[in-house]
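In order of appearance the chains are A, B, C and D, and numbering begins at 1 in each one.
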Amino acid sequence: MAILVDKDSKILVQGITGTAGRFHTKRMKEYGTNIVAGTSPGKGGEIVEDVAVYDTVEFAMDSTGADTSVIFLPAQFVKEAAIEAIWAGMKLVVVIPEHIPIFDMMEIRKEAKRYGSTVIGGNTPGIISPGQVNLGIMPDIAFKRGKIGTVSRSGSITYYVADTLTRTGYGETTCVGLGGDPVLGSTFNDILKMFEEDPETEAVVMCGEIGGVYEEIARDTIQRMKKPVIAMIGGVHAPPGKRMGHAGAIVEGSMGTARTKLKALESAGAKPAKTFLDIPRLLKEAGIEPVEES
Amino acid sequence: MRLFEFEAKQLFKKQGIPVTEGTLCETPAEVRNAVMNLDGRGMLKAQILSGGRGKAGGIKMAESPEEANDLAEIMFDSEVKGYPVEKILVDPVLNIRREYYLGVTIDRAKYKIVLIGSPTGGVDIEEFARKNPKKVFREAFEITDDIYSFEAYGFGLQLNFRKEKLKQVSSIIQGLFKTFKAYDCKLAEINPLVETEEGDMIAADARISVDDDALFRHPELAEMGIEKRHEEGEMTPREKEAREQGIPYLDLDGNIGMFPGGAGFGIVGNDFINYYGGKPANFMDSGGGPSPERLAKMLVLLDENPNVKAIFGARFGGISRCDDFAKGVIMFLKDHGLSKPMVMRMTGNNWEEGVRLFDEARKESPELFERIEIHGIETPIEDIAKRAVELAKEAK
Amino acid sequence: MAILVDKDSKILVQGITGTAGRFHTKRMKEYGTNIVAGTSPGKGGEIVEDVAVYDTVEFAMDSTGADTSVIFLPAQFVKEAAIEAIWAGMKLVVVIPEHIPIFDMMEIRKEAKRYGSTVIGGNTPGIISPGQVNLGIMPDIAFKRGKIGTVSRSGSITYYVADTLTRTGYGETTCVGLGGDPVLGSTFNDILKMFEEDPETEAVVMCGEIGGVYEEIARDTIQRMKKPVIAMIGGVHAPPGKRMGHAGAIVEGSMGTARTKLKALESAGAKPAKTFLDIPRLLKEAGIEPVEES
Amino acid sequence: MRLFEFEAKQLFKKQGIPVTEGTLCETPAEVRNAVMNLDGRGMLKAQILSGGRGKAGGIKMAESPEEANDLAEIMFDSEVKGYPVEKILVDPVLNIRREYYLGVTIDRAKYKIVLIGSPTGGVDIEEFARKNPKKVFREAFEITDDIYSFEAYGFGLQLNFRKEKLKQVSSIIQGLFKTFKAYDCKLAEINPLVETEEGDMIAADARISVDDDALFRHPELAEMGIEKRHEEGEMTPREKEAREQGIPYLDLDGNIGMFPGGAGFGIVGNDFINYYGGKPANFMDSGGGPSPERLAKMLVLLDENPNVKAIFGARFGGISRCDDFAKGVIMFLKDHGLSKPMVMRMTGNNWEEGVRLFDEARKESPELFERIEIHGIETPIEDIAKRAVELAKEAK
């Protein structure tokens, strides 16, 4: 088991004929990821890395049963591509590109909610369920199948956390990159709930950073969770971020600093990790043993 | 991306919002003339990309053209909140009966556009909002919504406007919302919205931030001269240099040069150095798949910074591959040379090729590698951070 | 009992300060219609014909409990006014003005469906439940409380039918003017279903005319109805109307002539009336007697 | 309101739809020149506000400039489907490989916008659609929807386009839909959409109808010279006269002048006259609250029509009040005088005042009322229709 993607996921690559799409399709396939189709309007019928290309997502789904999509397209085309995937019935849409307009991401989230789809990103390194699926652009070296779920706003932090968990013998169930953009398709809230439901996941590591509100609003979810949550927040020693005018201050209140985030998460029962090495120590304290001795 | 007040007012005016009709000036003489044309009194407003101008001396009232000239000379010569003053907007002096607040922004937690209004505006609006949350009204909209006039009227009623004033303010609310939608804004704000003694409603100040990532679909902004710009205050010479080379870089007051990979670890690596008793000399984002040339330039920037006593390097190759990283470091070592001790760790995508490149280069010119310690996945990144702190202390 | 409006309806006049709004408010009140409020943005606090004026529908509803709205505004303001009423929770919105853009009417219908509101019109003379409510611009002389429901696309036909029913002693429960515009807020379908449910209505007279498809698509509803339906279609001797290009022919097929309409309605069991005088005859044939001898 | 082909093509072109680049001509010499510039061959297309031009002789191919001149002379001198030909569009002759159909309209029953396409277009599309309903594809949209490119691609796939052609046709589908939305259209149609031997997709004809009632929000159309216009074929002199006076009027071939009140009863009253063995001379809409002056003009129009033997009048006063009606009739009787027998019925709003006005006028000048029979609510309207038929028969 894993969350979001596992070995049964049938994956479609939107923008498979582009340089990035082609490159990462090859990488993902080498990992064993089950890529069943690609799309590129006007290029239906072509073959890329042994994968059949279709003109539309709907056509590709009808032909291959794809249920998960990953987008490799320039930012200005992402809104349409994501909405196409959502409307066609994709359960999961992973948005790799960065610099997606905020209004577009808001609209994507709206459509995703309306049709019961999950969108991850933009500006995400993707999702990996080690040994099963590598969906996105993550390096596979850091990951090994195990019992801890991770969710992070940053790609590099995802790698470091997995590296730590792998080296200490815990391994990972699924590692989710939320993405680095200011408005995201999914938040800590959404992913934590999935980990709580996943029988294979025994604890969750969440890594946030200064800015935004997605850490603070996960508070109630963490409070309701039975599984241990370890939280790491980057930026304790960073200068405070800027507010978006008076309106930002009114809407987001005091949220957004590393301190407010840590306080919110700790008050909900999450255990704070200052460095990656704190993570295995906190897991042990929570009574969770490694899968194998490291 | 923040707009100047005079630019924001241009956009507001297009949507029918009454704004003060100011004159944009670039010299004290122009300011003097502008005030003369306003019957001898005027507000001098420094056009800078920062809020809190008033308290920082960026807004002055001139009671005569002569005073205007003198104030302008001082203002043009000074910096306000770290910004040089290149333009002054000369506005008429309003007879203020009351100040209101209106703003539109994104509520990221709820994924809504939110319209905010308060019957008490001006510089202390944030404190007022904290103390009187019920007197600050909000209305949420879907991202795809337009605003209907009846919604604007309803909001105006909440702010306690009636009759002719309600009509005026409802039209301003609609204009503000439409501006927000029309230009992919992150923020559109009128503070204060002034009710004059003469009974008019007028936007005395204007603040707009647009989403940089949506600029591609707003050629109309470029036509108005509104293009991508740096938002921060005055940069250090090194920050300017980095910016010219397209490197996201920020000076800090420590002595460890940070070459950390992606922005996420840039922030965390900085924390680590602090936890282990060190002080970083900078923030830097060296992720996102930079070329070897760019990586080499980043290292030059750190090596030439006299504050830097040691360099901390890290690469977890994702979209940025280790072979490119190794090429960049080798290029720097060969073409420029390392004058400080450096410790680094490299793992991730294509790490084998990265290691091979380092081995090859070391065999060729072992002297280049005398000051650099290169680690792989076997060493925890925390140990690298500790070692960097040690190296910096030794170097003092 | 009646459909859509009865003596308990609390009516709001949108655009009450305009010439038409003011004039018909007076008329409606004289009939005994329970007008509880009016709206006119920026004129809240005024009084028109003893009725309090509010700035917004929401405010008016909160203050008076209004549940039904009638719109007297220039065509270009109708879309906003109707959507305001629908969003505020009006059960019924009657759109008197004509020349409302088709796109606007389509959007009004969409919002009405979404929020469970009924919109009548545009270009309707309104609705009358004789002796209780006169909502719109209908002359009251023709109407008398009785047992027949009527629904018609044209104002003048509504009057003539009521006149006939009144003179022959049947009287009316409710008379609904659908409106003369090409796209309408409610169709025969919607109103026939309400009459079928109304205990006081014993039979329904529906009057259509050449053009459009709203008569034909009422077929299935009529077939399911237990109450007798008498149908009159104007334009049997009119030259055929024009189609909207090939697209119109493809979408609407052969619908739209008096003949196709009569055929569809007769095949569903409606009894055709050629003239108004046929109506009382057909009612008798269906076993329905006048309330009183004429 | 229907647009001319050349106007519709201008709108299509703005949305990026490839259209034939034609020349609009007003004289045979211009047509000749235009064909010369097309290397001696051209399609001459009469610009009239009606479909079915081809079969009615409104489209001709000229094989030489001379032939173009001769054909144009004939065309300018003729009427096509009742319309005088004032402009001819000279289009290049296309090498047609295949003709497709694309259209967008409103589905009134379902309250949707519907996109229609068929891989077989041209003049026989309606018959093709009847015989092959499964080969005519439809896609419904909400009124508030835009079209996404993936929807256009999906539709193009259904029409069996692939590869480069799919890209072209998807762009045309989007352009057509956007045109429909941008101008409040009731119809936007490309028939045929031509695939040329050279492999291009091009709109060879263009048809657009816009919603008259939405013209107020399309000043851009007025700027292009597209303003409210009469859609029907050539009008009779009397229809023209009525139109100039703003009276909705249509000549029929009977002998009973119809003055029926609202349009709804205009249609039904016409049926009644037929049922009772008569023939109306006209349709008229005298409802909607006309002034007494306008009502008087309507009666003059009927009275001066030599075909009219008797006049049928009806007023059920709703928005059009009976007192205004009586004033109009009396004005007509006094200022013009009635030369035919007339029977009428008046009831509804303000009928008492109408009756009073008639009584007063009759007392004053009884001679004016000699040929007019005035009834009230006590007489069924059917009896009035019967009486009108009788009066017409007597007058023969």
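Structural remarks
In this text, contacts are C-beta pairs under 8 Å (C-beta built on N, C-alpha and C of every residue); 3 or more make two chains touch, one makes a residue touch a chain.
Please read these numbers as outputs of a predicted model, since none were measured by experiment.
Centre-to-centre separation between chain A and chain B, using Cα means, comes to 27 Å. Centroids built from CA atoms put chain C at 54 Å from chain A. Our note on geometry: chain A versus chain D, Cα centroid distance of 58 Å, whole angstroms. Annotation for chain C: no residues touch two or more other chains.
In chain D, no residue touches two or more other chains.
Chain contacts here close into one cycle, and each chain has exactly two touching partners.
Under the contact rule defined at the top, the touching pairs of chains are A-B, A-D, B-C, C-D.
Taken in their complex, chain D has these residues touching chain C: 51, 101, 103-109, 111, 114, 116, 125-126, 129, 136, 138, 142-144, 184, 186-187, 189, 191, 207, 209, 211-214, 216-217, 260-265, 267-268, 270-272, 274-275, 283, 287-288, 316-319, 347-349, 351, 377, 380-382.
Residues of chain B touching chain C in their complex: 148-150, 153-154, 157, 162-164, 166-167, 170.
Put simply, chain C touches chain D in their complex at residues 75-76, 98-104, 106-107, 109-110, 125, 137-139, 141-142, 152-157, 159-160, 163-164, 167, 180, 182-183, 207, 209-210, 212-214, 217, 232, 234-238, 244-252, 274-277. Interface residues of chain A facing chain D in the complex, by the touch rule stated above, are 41-45, 55-59, 80-81, 83-84.
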